[in-house]
Every structure is written in C-alpha cells, then in structure tokens.
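By written order: A, B and C. Residues from 1 in each chain.
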Amino acid sequence: MSKTIELAQHLEKLHINNMYKSDFYWTWDKTDEELDAIFTVADALRDLRERNKSTRIFDSGLGISIFRDNSTRTRFSFASACNLLGLTVQDLDEKKSQIAHGETVRETANMVSFMADVIGIRDDMFIGEGHKYQKTFMDAVKEGYRDGILEQQPTLVNLQCDVDHPTQCMADMLHIIHQFGGVENLKGKKIAMTWAYSPSYGKPLSVPQGVIGLMTRFGMDVVLAHPEGYDVMPEVEEIAKKNAAATGGSYKKVATMEEAFQDADIVYPKSWAPFAAMEERTKLYQAGDQAGIDALEKKLLAQNAQHKDWTCSEEMMKKTRNGSALYLHCLPADITGLSCPEGEVDNSVFDRYLVPLYKEASYKPYVIAAMIMMSKVKDPVSALMALDAAGKRKFF
Amino acid sequence: MSKTIELAQHLEKLHINNMYKSDFYWTWDKTDEELDAIFTVADALRDLRERNKSTRIFDSGLGISIFRDNSTRTRFSFASACNLLGLTVQDLDEKKSQIAHGETVRETANMVSFMADVIGIRDDMFIGEGHKYQKTFMDAVKEGYRDGILEQQPTLVNLQCDVDHPTQCMADMLHIIHQFGGVENLKGKKIAMTWAYSPSYGKPLSVPQGVIGLMTRFGMDVVLAHPEGYDVMPEVEEIAKKNAAATGGSYKKVATMEEAFQDADIVYPKSWAPFAAMEERTKLYQAGDQAGIDALEKKLLAQNAQHKDWTCSEEMMKKTRNGSALYLHCLPADITGLSCPEGEVDNSVFDRYLVPLYKEASYKPYVIAAMIMMSKVKDPVSALMALDAAGKRKFF
Amino acid sequence: MSKTIELAQHLEKLHINNMYKSDFYWTWDKTDEELDAIFTVADALRDLRERNKSTRIFDSGLGISIFRDNSTRTRFSFASACNLLGLTVQDLDEKKSQIAHGETVRETANMVSFMADVIGIRDDMFIGEGHKYQKTFMDAVKEGYRDGILEQQPTLVNLQCDVDHPTQCMADMLHIIHQFGGVENLKGKKIAMTWAYSPSYGKPLSVPQGVIGLMTRFGMDVVLAHPEGYDVMPEVEEIAKKNAAATGGSYKKVATMEEAFQDADIVYPKSWAPFAAMEERTKLYQAGDQAGIDALEKKLLAQNAQHKDWTCSEEMMKKTRNGSALYLHCLPADITGLSCPEGEVDNSVFDRYLVPLYKEASYKPYVIAAMIMMSKVKDPVSALMALDAAGKRKFF
C-alpha cells in the first residue's frame, strides 16, 4: 500500500465536509481536523509527485494571484501549487493595470475572476487593511457568482494578510511534525517565537501572529518574547490563549530572548514591527502624510537599534535544549556578517540549519495545493486514490 | 438536448467557411452570419463551462498578447479565453524586450510567433497607427508561414485598435441580445452612443466607432451625440450609414445628450478624444514635439471642461424609455463623487447598474474564445458536439 | 515512414546515455554524438509540430526562466520550447522579488526550484560572472535534491552566459546544416566570424566565442577577424584550435574583415566588446565605481568609432564565394540607414537575407526543446516513436 493510500484512509476519518467551496483566511477559522486534512493532503501530493504521478485535478483553469507586496518564494509556491493541480497562474500586477486609476475593489474582483478557480492574495503592508481587502474581494466574487456574472465561485487562499500568514505557518508546522516524527510527539515541546533585531523596518506581524495562533493547537508550550513596545495584535493573543487551554498546552509571554530560548525545542527568532506603530503608519498613509511617515520610520529604526542584543547568536542557541533546538525562519533572514553587519541570526547558526530551513520552505507549495484541493474537490479521498492509481506526469 | 447542441445546430445553418484561418480586425469585415457564429459559439462555450465540461481544443499551444496600452480587463479576458481552449499566454512586454531598441515590426512579428496559434494585439494610442501596426504584424506572420519560418499560420484577434474595439463591442452586443431576450427583439430599439465628460484626456475613439459600426446591423435606431469638435472617424460613420440602410434601422447624429437620451432603450455615455486632435497628437509624437504635445493636452483638457454638463445624471436617465434604459459602459467609468468630482456618470446611476455592467464585461472572454475557435477549428459544429459529449474540466 | 521515425532510428545509433539528467552549459562539454542528438531531436520535434502531432512529454511541470539581461527572442524561444513539451514557464524577475535585498544565489536556487523540471538562465553581462552564477545555482539545486528539499533534480539550459551562447550557436549551426543540405557537405567550407561596428557598447562576447567553439567541429575553415584590442577569451580560442585539429578543419585569426570575407561560404559579422575591457568593467561594477564605468564606456565608444569600416557592406559581400555567402546574425542587427546611421550591415544586404535570417532564428525553440528532452527523457528514441504514433495537438 502506498503512502498516499494510507493518507487517503486517514483523511476518510476526518470531518471535512465544510471545506468544500470554502475560503482559507486564518488557521483559527478551521477545526483541528480541517488542519489535519491540509497536512494529510499536502503529504499525499508530495508522495505522488516523488513517484512521478500526475496530480492534475483540472484539465484547464486559472489561479489568480494578487501580490500587493513583493514576494519571491510565495509567488513561486503559488505557481508551483497551481501547476501541480493543472491550473495556470494569471498575475494581477497593479502597476501595469488600470486599477491604480481609481477602480474599486469590487469591480476589480469581478473583472479578474471570469473563469478563476482560485484567488491567492498577499496584502500585508497595512495593519487593519490586508484582511479587509481580501474579505471585500471575496464578498464581491461571491455576489458575482450569485448574480450570474461568474460561471463558478472561486475560493481564496490567503497568501499573507495583516493578521495571519497561514500558508507559511502551516508549512512551518508540517516541517515541525516531520522533524519530530509525528504530531503525537509534540506534546510538551517548547517553542519560542521571539522578536529579533533587523536593520530594516516595518516587517509584517503576520508570521509571529500566525505562529502563536497555530502552534498553540498541538499541546506545545508556546512562548512569545519581544522588547517592550513590539506587541502583536491583542486579538490574536486571545486566540493563542484559548487554543492552549483547549489542547493542554500553554501560551505565555516573556520579556527576554534568553528566557524564551531557555530549554526550547524549537526557536523562531524574527524581526517584526510594533503593532501600535503600524496602526499609526496606516493612518499616516491614509492621510497621505509623507513627513509623518518619514518621521515614524526614523523613530522606529532608532527604537530597533536599541535591541541589537535580540539576536540568535551561538551563545543564545546554547541555552536551548541540548544546544540544538530546531531553528525556524520564513526566509529571507537578515544574517549577521552575511547580508548585514548585525541581524537576526549569526551566520554560523544560519548556515548549520540551511538544509532544514530549505525543507521548511519546501512544504509551502504542497500546503497551498492542499488548500486548493480541499476547497475545490468534493470527494478528496476518492481523488487521492484515483491519482495514486493513475498515470505518470512525465510520460516517457 | 443541451443548449450547446441546440447552438451547434444553429451554427450548422450559417455560412462560415471563410472564418477558418481568418483574422479578426473589424466587425464590418465580417458578414452578419459570421458575427452570428461568434455569438453562438460564445454562448455554447459558456454553457459548456457552466456544466464543467472541458472546452480544450488544444493540448498545447501559445496565445501571444501584445498590449501597447495598459489593460486589466482585456488582458484577463484574453488570458481566460486562451486557457479555456488550452492555450498558454505569452505576453510581449515591450519595456523589458529589445524591441524598444529599433527592431522593426516585421522582425518582431516573426520572432515572437514561433509556435504561436493566435496573436492578440491592443494598439489604440495613436490615430492612424494602431490598425497599421496590426496589419503590418499579420502580413509579416503570413509571409513567415509561407516562407517556412513559422510552422503554422497564427491568426489575429484585434484587442483594440485606433478604429474598432471588436471584442468589447461584440461583448456589449451579446449582452444586449440576452437582456432583450434575443436579436429578434431589437428591431426599432433606440440606442444612444454619447460622449460624456471625463477629467482625463485622450481616451480612444475605438469604442464609439465600434459601437456605431456594429449596432447599426441589427435594425436598431442608433444615435451618436457629442459636443462640437468631438467627431469620430468619417469612414466609420459611412459604414454605420450603410449598415443602417441595409438592415432597416437608422443612424443619425444629434447635437445634445438630451436629444440622444430621449426615449432611448439603451444608453452608452462615454468620454473620448476628438478625432482631429488625436491626428494632430500622432503627428506631434512622430515629430517628438513634447512642447506641442503638452500644449495640445492643455488645450484639450480646457475644451473638455466646457462640457461637464454631458454627464449621465439621474435627470438625464429620466429622459430614457420609462426612465430605465439599459446603461452600458466598457469600464472603468469615471464616476461622479466616487472616482472623481465630476465624471461620466452619477454614482447612483452607476451603482444601480452594477450587476448588468459586470455581466456585460463577462461576455468578453467568451467572445474572444469564440473568435479564436472559429479561426482555428475547421469544423466548429462537430467540435462543439464532441465537447458536449466529452469529459469534465475538473476531474474530481 | 515519417521523417520523425527516420530521425529516431538515427538517434538510436548515437551514444547519448550521459545526456539524461545532465546540464547544458557549453557545447564543448558535449561529444559530437551528443550534439548530433540535439540536432536530430530538434528536427524531429519540428516535423511532429508541422504535422500537428502533440509533443507533450509532461502533463504538468515548470520551466523556470531567469533573465539577468533583456531578451525577447530567447525569452519567447524558451517559452515556446517549454509549451511544446507541456511545461509552464515561471519567470524569476529579480526586480519584483526579494532577491535584490541580499538573498544569496544558493537560497534563491532552492526557493524557486520546488517542482522545477528545467532551469533556463541568461546571465551574460559581466565577464567572469555569468557562468559562475549558473554553476553556483545548479550546484545548489543538486544539493537540494540530494538533501530531500527538491522532489526531483531540475536540469539547466544555458540561455547565454559570459562564455558561450549554446542555444543560439546550435540554432545557427542547424540552419547551416539545412542550408548546405547536410553536415556531410560542410567539410572545407569557409566561415568568417568577424567583428562589425555598432554605435552601441558592450555587446556580449558569447556569440563569437560560441561560434568558434562550435563551428570548428564540422571540418570547416573557421576564421575569426576583429580590430586590434577586440580579442575574445583565450581559453575559447584554445578550444577552437583543438576542435579544428580533431576534425580536419582549421581555425585561424586574420586582421581584416576583407581577408575574412574573401571566398567565405558563410559570414557572421557582429559587434562585441573587447574581452579585456569587459574584465575591467566587471571590476568597476564590483567596486561600485560609477565614474570609472562612465569613463570606460566613453573610451570604448571612441575606440569603436575608429572601426566604422568594419561593416558588412555590399562591397564586402562581393568578396565572398560567388558574392553570395550565407549571411548570419543572432538578431537584432544594427542596420545602416535603418536602425542607425552606421552599423553592422548595409540595409540592402540585410534585407536580401531576411528569410534565411528568420529561419535561422526559428530553430532556437526546437534546439531548446531538444536540450530539455534529452536531459529529461531516459529513452528519447522510444519517446519520439510514441509521439509519432500518438494523437493531434489541435483536437479538432
């Protein structure tokens, strides 16, 4: 029996009927079994690919991608996932379109969604705006389908918003599961999500938020650490607390990187911007106050510079369990002595974890493909079994 | 019997043999039956799609798109149409190519057409140039095929030139046909193609020209209205007159928006540039006279500003038949109080017609796909019947 | 028996086992039989396409293209080749990615290669850097496969580096073979690869280097000519000499265009930059010395301007065998009186050779597709036979 068949049999036991035709905004919208289904299908698709089995479930169709922020790895992950399933990607590049000239989101949503099967949106620049854009877009698309404008209803994969980064955090989590030999081995493991210094400014909060919102669901001890003033969204912290209470794990905040790293099994040191400052920035942008934006940036860079000791150095790593915690990063990292004079992580630490870091990233296309498949295929169990029995992707 | 089979049976009665391997420049190059064929195939492809039937007629192949002006909806419509039929789009983006460095059109045409099945070109910026570019390009491609350079002969879909915008106007027309319950109900209906004020400058004339060149073929009373000086190309007016004479309809020009709207069944208020001024602009560009271009723009914006009363207000709409004419626009519109202080249409009017407006746009991908299919498939009747009988697009 | 079957039978006799899973950097890495295999498969794919046979060997999959210099024809050739085989192209555009922000090549290579089947890279700007980039990239990808990051090992097609331009020169060569009625007719033919004046600056050396590195393998008399100071890489000249010695042909350098053209059967007049100056430029760029770069450019343009007599004029063409040598160019050419006042070739000469020039270019997509096929298909003989026996690309 192939791994895919085993996984399909596991999938059969899960309650996943609500996933068909559903959007993927935030991991905490989904039940534990629904997340399990994503992991299961991602593993099955990878197994099929490794055996050169075709995983096409569409003979044609479009995946629309909208990147309102730069991206290489998420762009390529989405393209790979779409190709894996038989969809073609069509990018909406707002710079070369008429959208910049005052077109509303609702109109755009309908105009680019003719024949779209799935929509991938990245919009993480402005706190309070990214999720709202995705929601407005998808509401318009639903109405468009209802009103007979669109001949089908496309579904959403959130490729990063201001609140969550589910494709990243699900890939991170699948990596953890495989590194620890299964989800059943995670109970009681300590994971440290910590702020780290970077010479750049204004990195999104969606990764730390996504991590505490997701990792608290597996019985782990999740610790968040950051300098004063670098808080994440309080709503997401509430979710983390509730999750931990429900799964026998824990969620707490500590004040230093040292305390977070102490005996940690997993560490995720990464720069982000303070939530309150990002709220302020959003308002300044809305008001078109460039002087205010510049002043804020200057202030935040100065604030950042006071915390250069928040770095994943060799000394810091020694505090972790056996000095060899699993090091995570969503990439690209700011690497001390390689990409910048002082950054998030020592070059020697980063270099030691290169292979696991790339593996971590390699789950993202499969996670995205699994999200698409679960929302577009009514009976994914049968689909996996049929794919396992079917032909090769490379014909010769 | 499915709708597709019914449509295929209708198609069988039409004289359409000349469409195979032909280019689509202007609607007035085509016979009434040929246009009927496009509408029929567009409806059939939509019916197949709505029933999740595969409409792939290619297992591989390329659609080359060349946008010499910005575009979102036409770009996505062309991409959707190509995907629907199994073609992959390859964009020629002149900014990132060597073409800007003096390469001739003839050379470009051959170099980007290896293995191309269809070419979509938008070139509407300069009066006297857009159609010429398309013609030169396609002549080169035909010679390339004849000379053994290209292994097949790609065909053209005009995605907008300086003279006509056939994919837009055919989509508009298909929308009208469905809104009025069939082409047989259009005799004697009044359609008003009118200029409307916009704060922007230099919008193409291809929409009003395409509308009067096409809509005069269905027995309707077509009225064109614009302020003095905003004439369209006289050659196209001649075509409109001939069409009207042949179909028992009428074509006339009136001097005010009020007169055009009076008892109209359909209104299409939209900004465009004066033809003579656009000819002048083309010459200034050819001479590289930037000061002249700036002076002309200033003059035209001032001229525009004298006609702010040409706007599709609620008052204006009340003049139409029962105050509820079908409102058309190619989008995006300049909406008073939404996208600009004073524009082509009142926000309340535009908002009331949102669903039909989006539907109007939704026909474009199917019209483009039908144009491609009619030029690439020798026996489209059999093809539609085979597609109706064949498998699903989503396999599971 | 079809041409494809004949070609497959020829392919069967060649020693080509080392090509499976191999990269294509330089033609001189490959044996004569391996190059023969590329030509053979390219011709077979073209024959299949001309008979509307499907040449899909992949039902899904990605070709990643990385253009670190502008390109139209190579970009479209790669896109056509991928489509021909069933692959979708995903461009890595460094300007809209995070790569510009200090990401290392190794990381990029892994991040964009999830699910990649083939990688096409053009990096010809800096002497000493282009090949190095490709090698680093592919080493990373091999490690990524070994380490379980990538689920397969993508292979490279060099779309132009600082040393060789194999897809161009192989297309040029296949054109020559067909023009002269077979490779057996090339013994003793004289080909002149000569420098020619262009008003632009810094054109890559990869074409002249690729030509002398490849064309010396077919028993031809290869002559290189350029003004003093415009030397190509000495290592490539060594290869040209060795090739010539091995195949009974010859390689020599002469000091004037006249001497090179005298009795030539084939001429390839083209501008390039002096090797030593390009080395200097690379160092200036590495040092970020903009003033130095500007000064060098000025110096080189002045140096160029002393050699306007190096041009493929009608007079010059008269010196060739019967005044009618085959004129080659990789396009676009700088054409005297058409694209510039004084350039590489007279307009009348260029115009007379338009059809063969476009044919020359038309081989490139097939050469690229053959390179991909030979590296991705274990048994290409059977594959060609199966494709010949299989279905149509256009279904109707």
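Simple rule for what comes next: a contact is a pair of C-beta atoms (placed from the backbone, for glycine too) under 8 Å apart; a residue touches a chain by one contact, two chains touch by 3 or more.
Everything numeric here is computed off the predicted structure, so don't read it as measured data.
Matching CA atoms, the turn from subunit A to subunit C amounts to 120°, rounded to the nearest 5.
By the residue-number overlap criterion, the interface of subunit A with subunit B counts as different, with under half of its numbers used by both chains. Work out the mean CA point of subunit A and of subunit B, and you get 41 Å between them. Shared interface positions of subunit C, defined as residues touching 2 or more other chains, are 56, 88. Interface residues of subunit A facing subunit B in the complex, by the touch rule stated above, are 56-62, 88, 90, 92, 96-99, 101-104, 106-108, 110-112, 114-115, 144, 147-152, 376-380, 382-383, 386.
Listed in rising order, the residues of subunit B touching subunit A in the complex are 46, 49-50, 52, 54-56, 70-73, 75-77, 79-80, 83-84, 86, 88-89, 331-332, 338-340, 354-355, 358-359, 361-362, 364-365, 391-396.
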